[in-house]
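Shared chain: chain A. Partners: chain B in the first complex, chain C in the second.
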Partner chain A sequence: MEENYKEPNKKSRRDFLKTLGIVGAAGASGAMALYFGQQYENIKSGKKVKLLTVDNKVVEFEDGKLKEYERQTEELFIRGREGIAGKSWVMVIDLAKCQNARKCITACQSAHQLRPEQYHINTLTMQDSQDTPAYFMPKPCMHCDNPPCVSVCPVDATFKRNDGPVLMDNDRCIGCRFCIAACPYSARIFHWFDPKNAVLFKDMPYDLELNVPQKLGTVTKCLFSADRLRKNELPYCVSNCPNGVYYFGDKNEDAVTNGTTKETVRLSTLLKENAAYRLMEELGQEPRVYYLPPKGRKGTLPEENKNNENHV
Partner chain B sequence: MKNKIFLLILISCFAYSVFSQEWTVPDDKKKLTAPFKFDSEHQKKGEEIFNKTCVSCHGHPGQGDFAKLTPVPKDPASNEYQANTDGELFFKISEGRIIMPSFKNTLKAVDIWDLIAYVRTYNKDYVQVFTETATETSITSKISSKITFAEEDKKLKVRIINKDAEKTASEGVTLSIYAKRYFGWLQLDKTKKTDQNGFVSFSLPNDLPGDSIGNLQITLKITDDSGFEETIADTIFKAGVPIIYNNLLDNRAMWNIRSKAPLWLILTYSGTVLTVMSVILYIIWILAQIRKKGSSEI
Partner chain C sequence: MTENKIIQDLLQSVKLSKGFYAWMTFLTISLFVCLYAYYLQLTTGLGVTGLRDYISWGLYIANFVFFVASSLVGMLISSILGLSGQKWITPIVRIAEIIAVAFAAVAGLVIVSDMGRPEKLANVFLYGRFQSPILWDVTVVTTYVIISLLLFYTPLIPDLTIAYKNRTDLPKWQKGLYKILSLNWVGNLEQVQLQKKAIGILLVLVIPVAMAIHTVTSWLFAVTPRSGWSSTILGPYFVTGAFVTGVASVIIAMYIFQKIYSLKEYIYDIHFDKMGKLLVLVCLIYLYFNINEFLIPGYRMPKHEAAHLHSLFSGSHSIMFWFVQIVGLILPIILLIFKPFRKPFPITLIAIIVFIGAWFKRYLIVISPQEHPFLPIQNVPENFTYYVPTITEIAITIASFVLVLMIISVLSKVFPIIPIHETLTERNKQNEK
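Now for the complex of A and B:
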């Protein structure tokens, strides 16, 4: 018994010395770094920088002491739940302009680390009757103001923000898929298999607003590119459309901006003049995505353009 | 006679419908010319822009690999395309039509002229007509502006004066005003030209939301003869209505957080729980009574 007790003790002493050596080396290099840092600082002394803290205070720092800071997951969660104050995001999709270029889909998939068969947004081929020509209809999440998916979530994983979007917290999601069943627009998908590049991104801090890295066994959905909106940029799908299909903007400001032409127009005028409608409005879910009718269709669409998901 | 008139009207209608298919460019825009010579540097820049923004629909010039869309995107190397004047091309690129997007907000005037310089390399007979202007001297250095805003009738009056010795009024200057929105600039009223006294008046909408007190950030932009645009004033006026927004999460709803659940739900749920709990407690109390009675008799 005594032997057993001594063995680990001896080892730990050796380990201790080893650690001491490492600590010593680290200390020396640290001191050197400090010394050179001091030298550098001396050169730049007197220069001060103003910074905005997380809790919205402006503080002053000396320039040399600054270090770039990587956002921690906790902060990403807090800001992801709060949203952008005073905004109310809406999207307008002009069906007359969609040519099924599918650039919105690929941009979205690459931003959110989705496989080619997983869609946050998809363009469907629609034909209202046998006698009318078909048209393409991009279908993202409708970000309803009365979202049934949020109502049914048992763990508060999916939630509505003050600025409009319905987001997902994959750290809370238990994969029950109630929300998928509740959504009448089929806007949600489930990770049945390992997400794309799961190994590559596994150490990346989870960003609620971008929903990456994606997690196996959880639900994922369109986020209105909440991370881009914070940076004053249009969503991935909107800015990548080559045909000017998407308008995106703030309903409170009564203005939407076209992703292709970057032209800003008044939301109320655009909706009124083009007889805009929303999908399945009768359900009373108050979708935030408006559609402009597919006017000016010419004949049937070329066969080659049709994708697999025909809703004829 | 009547029949003839009718026929004439019919023909003119038909002709109109045919011509409306054509892309008509206003006469004053047709004569627009580049402010510099199309040299190899501009052509190279133009090629870069072409490959980035135009190839996806128009294909590579002369290869015929354009997208099959209606209306068909024209091949820049084709005679039909090259028949356009520089001004027509500039207008068409900047304004767009049907499925051709407008590029006036995404490309600067110099980029569009570079593009035209590039596509003209596919036309051997092309001889450039241009009026070289010193591009270094900006428009703002030549003129000065004076802006007044009348709050009661929402009219914005602008006067443009030349910065010369006599301070003469600048006539025929093209101006447009924009209001700042989150993703871009919203044009208010139409693009207008100054009159002989250098005046131009814009009417602002009555119902445009501003910030919390109704302030609007308004920019005045000037466009020169070559389509070059420059900001000459960027000011804040109390021209909008105060923004009204209600926080979605303040309302009680099924989808809201627990503390914001509908009252009926909270009442029904807590009522049911309380009832069940009190029944259980009542049973326990009765059981205790029975036990008490039993033990006292023993």
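Now for the complex of A and C:
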């Protein structure tokens, strides 16, 4: 805009705009011109306002340039792909506390437009051997640092963000399901039919961080509730757990917060003192989800559980 | 046989007969019936298939693998046998090339039928990331279709001139087609040398590309961290398996063309005999890879692989598995060692069984490992835990076979199925000796 000031014909331009404003005052086009004319006045008067940007910088703006900002799909795409600067999200799941309340699952499903059989997070009953009792294991996406799903995606529809989560752009997805085949944690699902309440969500702008509206013929997955992280809130599953199973936080700060008690603890201490592990470490996918061992198991031994066909 | 008789014999099939029209009408109607199934899939979603979140690749992908496999035979016959100086292949090279073109071209369409959103296909080209094996597959399959088409077309050029000159009774469009496609071939020394050089280059070029298409197709599975797929021998395992399918399909095609185009004097017992021996060879190599692929993990039985192997050896897939291994592979090897079984009729029957066995083999390779992921399948409807293809899915798969038959039928009917020019050249060479 500085350059515009120095234009030699600014006088005539201003006159032109004023004239245009008067002439067109009755019509819609005139109103538009008036608006621009007014804006121009403000710029000229040099009235400025101070604003705080999202990355904590104070900037000055000419008053007339400001208008309330409505996020467009395009912008949601860009920020959704970039992630939140300086963060490194991790999750800790304390298996000793899980009682299979399944509140995490329902909260997640209602936030992400999923049917009851569609899981971003699924609590499994794990039967490691014949002599050890079963335990409950909530299984979200592991948000691997070496994600096989991202490697195999032919169109960059699924991607790894700077702050850790592996997200899904369902506008880009072609539905080849190579990522489903590649995921060793079975963390990905597909919309075989129209998503739940597809008609209701039809006209909503697509939010990449929420992956809503969901689309027929695309893959969807756990997002670490990236939309909640943007608002500085805990993920849906974490904050809805009644049993204090989940800790979530920023690895860079070395702090994780329990979703139930809201107590914040040091991540490194939590992992160290509780013999934390990651699922199928040997595959080398570098998961971002840590598990604390299931001591004091609530499950039963296989003999007591023979009728349950689900155990593999 | 005089030169004239050979030309007349080999050209008599090119006129579009009533029978041909009837056959094509039948194929077209079948295609449209099957395409209705695809319409259902497009409007409802892939939910019309038996696929669900855990077994998310099924019939389409298995069929894709099978088609890519079948197309490899073009390279085997034309290049490997051709470059090693096998003269007996002359009457069957074009059949092999037509099979290669048809299967490879339709394989590309089959993969589209598996896509959740085929309307977004352009994304592969707009946003393609070269680290995904799908991009490699798209690249090499396209290249292979083009080279195979050229390998079909380049040796055909002289035949088109011969056909143009010798068949005056053909409709205008067909003669016009021959004239344009023959590129003014008159058979002078310069043209002959140029053609020879071009074919030579293509024959060498097609070898790495053909190896690549099926190796890359195997990598679609081998790159995934899944027990049953993440095997280091999957590349050669697929390629050797492909030769089995391809040789079987050429034998079937040879028999059909010999019968309907009355080519008994050109394709006869010796060709079936040689193809029979070739089938034994490729089956033996494939059997060797099968033993490696199943015996070693079967001996160790690591936890996750065990579930998959048990389902093959003695579980839900065992009937299909043992049919494929014994009836589809071992039995043909034993039978074809004996000469009477290499006669046209018995060997064609055996080839059909090998062909069917090879198809089910692809089905097992694709589906079984998905039924046994590392983590248990729980809290989902029962139909998520196993895979049974639906009628819709089967119809769409049949459509792909119909398309292959249509391409083979048109190419073999519009153009002479046995290379005339090469047959004459071979004959002249023999006469000189």
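Heads up, the rule we're going with is that the second predicted complex is superposed on the first by the 228 of 312 C-alpha atoms of A that agree within 3 Å, B and C clash if a C-alpha of one lies under 4 Å from a C-alpha of the other, contacts with A are read in each partner's own complex, and residues count from 1 in each chain.
Here is the rule we use: a residue touches a chain if its C-beta (ideal position, glycine included) is under 8 Å from a C-beta of that chain, and two chains touch if they have at least 3 such contacts.
Remember, predicted model here, so these are calculated numbers, not experimental data.
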Quick check on the chain A-based superposition: chain B and chain C, clash or fit? fit
Applying the document's definition of touch, where does A:236 land relative to chain B and chain C: first, second, both, or neither? neither
With the two structures laid over each other on chain A, which partner does A:206 touch: chain B (first), chain C (second), both, or neither? neither
Tell me which partner A:151 touches in the superposition: chain B (first), chain C (second), both or neither. both
Pick one for A:124: touches chain B only (first), chain C only (second), both, or neither. second
Looking at A:136 after the superposition, I want to know if it touches chain B, chain C, both of them or none. Which is it: first, second, both, neither? neither
Scan A:181 for contacts with chain B and chain C and give back first, second, both or neither. second
Quick one: classify A:291 as touching chain B (first), chain C (second), both or neither. neither
Based on the superposed arrangement, let me know which partner A:172 touches: chain B (first), chain C (second), both, or neither? second
In the overlaid three-chain picture, find the nearest pair of C-alpha atoms across chain B and chain C and give that distance in Å. 6
List the residues of chain A that touch chain B in one complex and chain C in the other. 148, 151, 156
Quick one: in the complex, what on chain A touches chain C? 117-119, 122-127, 139, 148, 151-157, 172-178, 180-182, 184-186, 188-194, 215-219, 280, 283, 285, 310-312
Chain C residues touching chain A - in the complex, by the definition given at the top: 44-47, 49, 51-54, 56-57, 114-118, 120-121, 123-124, 126-129, 131-135, 220-221, 223-226, 307, 370, 372-381, 384
In the complex, the residues of chain B that touch chain A are 56-57, 68-70, 96, 98-99, 101-106, 181-187, 205, 207-209, 243-245, 247-249, 253-258
Which of the residues in chain A come into contact with chain B in the complex? 86-88, 97, 99, 101, 145-148, 150-151, 156, 159-162, 164, 232, 234, 242-244, 248-250, 252-257, 260-266, 296, 298, 302
